[in-house]
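First the structure, which I've put down as structure tokens, then a few questions once you've had a look.
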Amino acid sequence: MVIVMKSHSTDKQLSAVVARVHAAGYRTSLIKGEETTIIGVIGDDRPIDRTQFEMLDGVEKTMPVLKPFKLASRDMHPMDTLIPLNGHMVGAPKIVVIAGPCSVESRPQIMEVAQAVKEAGATALRGGAFKPRTSPYSFQGLGEEGLQYLAEAREATGLPIVTEAMSPEQVPLVARYADVIQIGARNMQNYALLNAAGEIDARVLLKRGMMSTIEELLMSAEYILAKGNAQVMLCERGIRTFEKYTRNTTDINAVPVLKQLTHLPVILDPSHSTGKWEYVAAIARAGIAAGADGLIIEVHQNPPDALSDGAQSLKPEKFAQMVIECRKIAEAMGRM
Amino acid sequence: MVIVMKSHSTDKQLSAVVARVHAAGYRTSLIKGEETTIIGVIGDDRPIDRTQFEMLDGVEKTMPVLKPFKLASRDMHPMDTLIPLNGHMVGAPKIVVIAGPCSVESRPQIMEVAQAVKEAGATALRGGAFKPRTSPYSFQGLGEEGLQYLAEAREATGLPIVTEAMSPEQVPLVARYADVIQIGARNMQNYALLNAAGEIDARVLLKRGMMSTIEELLMSAEYILAKGNAQVMLCERGIRTFEKYTRNTTDINAVPVLKQLTHLPVILDPSHSTGKWEYVAAIARAGIAAGADGLIIEVHQNPPDALSDGAQSLKPEKFAQMVIECRKIAEAMGRM
Amino acid sequence: MVIVMKSHSTDKQLSAVVARVHAAGYRTSLIKGEETTIIGVIGDDRPIDRTQFEMLDGVEKTMPVLKPFKLASRDMHPMDTLIPLNGHMVGAPKIVVIAGPCSVESRPQIMEVAQAVKEAGATALRGGAFKPRTSPYSFQGLGEEGLQYLAEAREATGLPIVTEAMSPEQVPLVARYADVIQIGARNMQNYALLNAAGEIDARVLLKRGMMSTIEELLMSAEYILAKGNAQVMLCERGIRTFEKYTRNTTDINAVPVLKQLTHLPVILDPSHSTGKWEYVAAIARAGIAAGADGLIIEVHQNPPDALSDGAQSLKPEKFAQMVIECRKIAEAMGRM
Amino acid sequence: MVIVMKSHSTDKQLSAVVARVHAAGYRTSLIKGEETTIIGVIGDDRPIDRTQFEMLDGVEKTMPVLKPFKLASRDMHPMDTLIPLNGHMVGAPKIVVIAGPCSVESRPQIMEVAQAVKEAGATALRGGAFKPRTSPYSFQGLGEEGLQYLAEAREATGLPIVTEAMSPEQVPLVARYADVIQIGARNMQNYALLNAAGEIDARVLLKRGMMSTIEELLMSAEYILAKGNAQVMLCERGIRTFEKYTRNTTDINAVPVLKQLTHLPVILDPSHSTGKWEYVAAIARAGIAAGADGLIIEVHQNPPDALSDGAQSLKPEKFAQMVIECRKIAEAMGRM
């Protein structure tokens, strides 16, 4: 951290700040400029609250020097983390495609979609049994019954299952059925849930909060990694902006940024990041072109009948077309 | 809801959309304009997913007519909800002031602050025992030990306690100690937690998420109300914007908007909504002038030593001064 | 437009609103719902201020039905507009690439870059002679001298020139030298400038404002089209969000959205939309994969010496590599 | 500025960066930390583009130390700037209130409103003759005819006039009629216009862009000050956020932040910052309570008939009530 003193601060104020840094166990080095003095704080200052020092008399501001995440950082772990999924490795050149309905609605519905996405080349099946919904009056998911249908669909198709857990106490239950536990965007900073996900031996798909920075996403991954679970995939699913033509704004920049900052695989969710099926294929292709390791896509056999997220779900034939287009882009990138 | 057809849509497409609305159990009424036709959907369509209809051939867009919240709405409940707190009613003319440290750090710390804020005229004591922190390397709170210290501080000062629960399983524990259970900004859409808060008989302070809309805040309140708990106070604590000079942007507009839309009391948290102690008093005054029913303020006897949020904490003497200023504004408003 | 009445509004209020709509020259059609009544306003109500009606007693809100833009809309002009540039047509399958430095700094600098981007396959040369800078203390551009150097570079390379005009009175001067007049992001709603650009016979590259919606971009294009100039290319250059890791957030969704809403060609500027050269190639590829008709890229022979935007400028060899990658993506898309 | 080296950067890279800083005419001082080295750049580095250094091999990032504005800064000019207006000083304890219609629509309209706001205690009259409108199909203002009506209203009431200039060439014309030239939000970074406003001897009201940071507002003021015109009032008028219940989000934090950072007076525009007349009085009071030096308010004798901004305009009697409330708040603040 660097502490910038005010231009009219006194020597006494400077000494007091330096003394306090020393008391916290760090060394200091000063740079006297023409208008102001800055204090370099030497040592791993991640655990302390930087803004404390902004309270001290004579201090203008503080600025962080070190990245706040360590285990998630490529600085500490230069090699890509690879996570096995259905005979492939997420993070390897082959693009993975996770697909399925927003919600599990019934046994026939999930069986039919599972078959369809498998035929189109999907790597895994998604489907929500526990659904976080803005309104208490909306469909909230089938719960464990939905998990059972997912397990039957896996049995029938061989596709591994990606499904969401919404609270720490759901984690063991979901882990009994799921191959990959999803932590949803609204729960990205549900620390009790992150800790629970860090304590089990299971693959985790961590979605970026719609209001969260890239750094906060990596800090949430850090919670899971710090508890000992290294099998984390990150998912960009769009952020909230002033633009209202689409449901969210795909932060496509996040794809190369994350690939540079972290060794964890990066998945793009163009269904949520656009909110309209017409744009899903275009943004899926863009994600691959930007360097994403995979996609997660909402597919429904009859989107207008979907109990949730119909507007952003692809019909199976559109999905199959999208997979073909994305594979071509992947090949143009030297991937598969 | 209103469904707008595309300008080049066909009669057959129109008929298909109308038939689907009827199949969902609603009536329709058509308006044929010069460029397009719109379909009015008649009935309480809150439970259905409006965007489903956007999938249908020939549909341009849909627009909601009804407000999505009911129990939280002033339309259904024109009188202000009043919630008792330490001999006052939150929502009545007398302004309430909840104050205390971000985190409970030790018994002497909380006892000293509690005494100081009581003397300055606080209505209740705040302090976190379970702390949601962006980094796993930051101080995470004292847990139940912190709750015990809070209870001791209540014993000593008579101030009721406001403290946060972070997960559904913490709710019963926190409820044993707290007078008001806080649901934090990061958990505003933690539906398992909202449901748990709706199922107990306790007062709840629900903080707006940092990137949640006013409507979403009311929908989260609706979760609690729908489970049968009507004792909900709403808290504006700043939203995330592109402006980086302050930690958050106080959405002061939300104060009169909420007072108009809902019967629930509205509290302002200028400590979080500014993130810098220098601005807290000015924004506290602004909140009262805009019509807030109360304030929640971070106070620490020695902010640079605070284990969290030091930069936005007031010293007790600054806090006492702020209370005096705010009471003057309240009087100018015909309040107390 | 649709006018939604309040749930407790009276018949008298309804009649008054209807009367006022009629007085404004429109017809009405009513839909009586269970909780509220809505009024459909029939006719082209684009010229009137919809929010006026929100002032009337008993009105809850109004919602637009018609798109506010007409000339820019694909509804009115289904075929793609094609704009000639250096023997190609912008908007046709062949991707155009406009490249060059942020600012023209000297004759040798622009000559060297022009040669380099030409060799790498650029379609046109960009370079700023008039520079909008946040600080009055920053380099403000060479002015007309810069335009002359650009003209010399065109002479030497055959590349047409894209350069910015910052005020209406600069338009004739810039038009004397430039092949395409750029209207910068900060001037997207400088209506005097838009009108001036609409009144001359010249191609225009209109950049989206950093916090302007897609609809506002189209409304600004509408200003130019309404004055009779139909040669408008739109440019997505990133929007301002809470994410601070990149300078802006590329709104990649805007590419397919614009291609659907309008017949005008769409160019992506990944240099500004990321602000860091490391991410430019990835986002350029993403733009092509999403359906953009072209790219505009900042290139400098020695970026650390650039007088502006060095951090986001590619060296010529990186640019050449990027063009190769983008052509591969274009081919995978069935383009060139 | 401070330059942070990457954790794995080499000594040779460090030397190269240092050499380049020296070549730019600055001195350096190094701080070697445990994970990284930082370079302090000594001297006034405002004129150079900080991001250039981020291009250099081994550099992680750069961070500014000095504030980018000088003439606008309170560091350089600790005393409040006071600007005379109708016998008062803007910036002194007495609150100023500028009021009038969004647009000048006719002679009788402006005469009537002028009389009404004068009686209610307004300090000055506002009204637009040149109107920046999102749509080319909306009313664009009466132009010079509107300026003449404003002058007549001044003659009749004695109220000075505040009105907008939209382009540099309008500045002399507007200056002939107006007492205060307004630069609108959409033109906050129209540098040709800022330069023109800096070169005349006239009071300027500079509105913050809806997409602009506080720092950018001060940089735009710096343009005017740097040209020699010191009579600048700043105006907070709401920023664009994801919240859509109000037209904009009032950045109330900006009031105390600006009062701390700069010596220039600060005016709040609650009409634009809320967009709905119901909230104007509450936010006007909040602005005074937060420390604003004045208000600018839209008033119309019959808002539903207004040619622009009807929804956010107060009727004269509501405005008169608002002035009374705001004066009470001002008195509670020790102002007038």
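Annotations for the structure displayed:
By written order: A, B, C and D. Residues from 1 in each chain.
In this section, a residue touches a chain if its C-beta (ideal position, glycine included) is under 8 Å from a C-beta of that chain, and two chains touch if they have at least 3 such contacts.
Note that this is a predicted model, so its numbers are computed, not measured.
Set against the Cα centre of chain A, the chain with the most distant centre is D. Remark: among chain pairs B-C and A-B, A-B carries the greater number of C-beta contacts. Centre-to-centre spacing of chain A and chain B amounts to 26 Å, using the average Cα coordinate of each chain.
In this assembly, the C-alpha centroid of chain A lies 38 Å from the C-alpha centroid of chain D. Distance between chain B and chain C, defined via averaged C-alpha coordinates, is recorded as 38 Å. Touching of two or more other chains is recorded for residues 211, 240-242, 244 of chain D. Put simply, chain D touches chain A in their complex at residues 2, 4, 7-8, 29, 31-36, 38, 40, 42-44, 63, 65-66, 75, 240-242, 244. Looking at the complex, you find that chain B touches chain A at residues 20, 46-47, 49, 51-56, 68, 132-138, 140, 166-170, 186-187, 189-193, 209-212, 216, 219, 222-223, 226, 240, 275-277, 303-313.
Chain contact summary for the complex, chain B toward chain D: residues 211, 213-215, 239, 241-246, 249-257, 260, 273-274, 278-279, 282-283, 285-291, 325, 328-329, 331-333.
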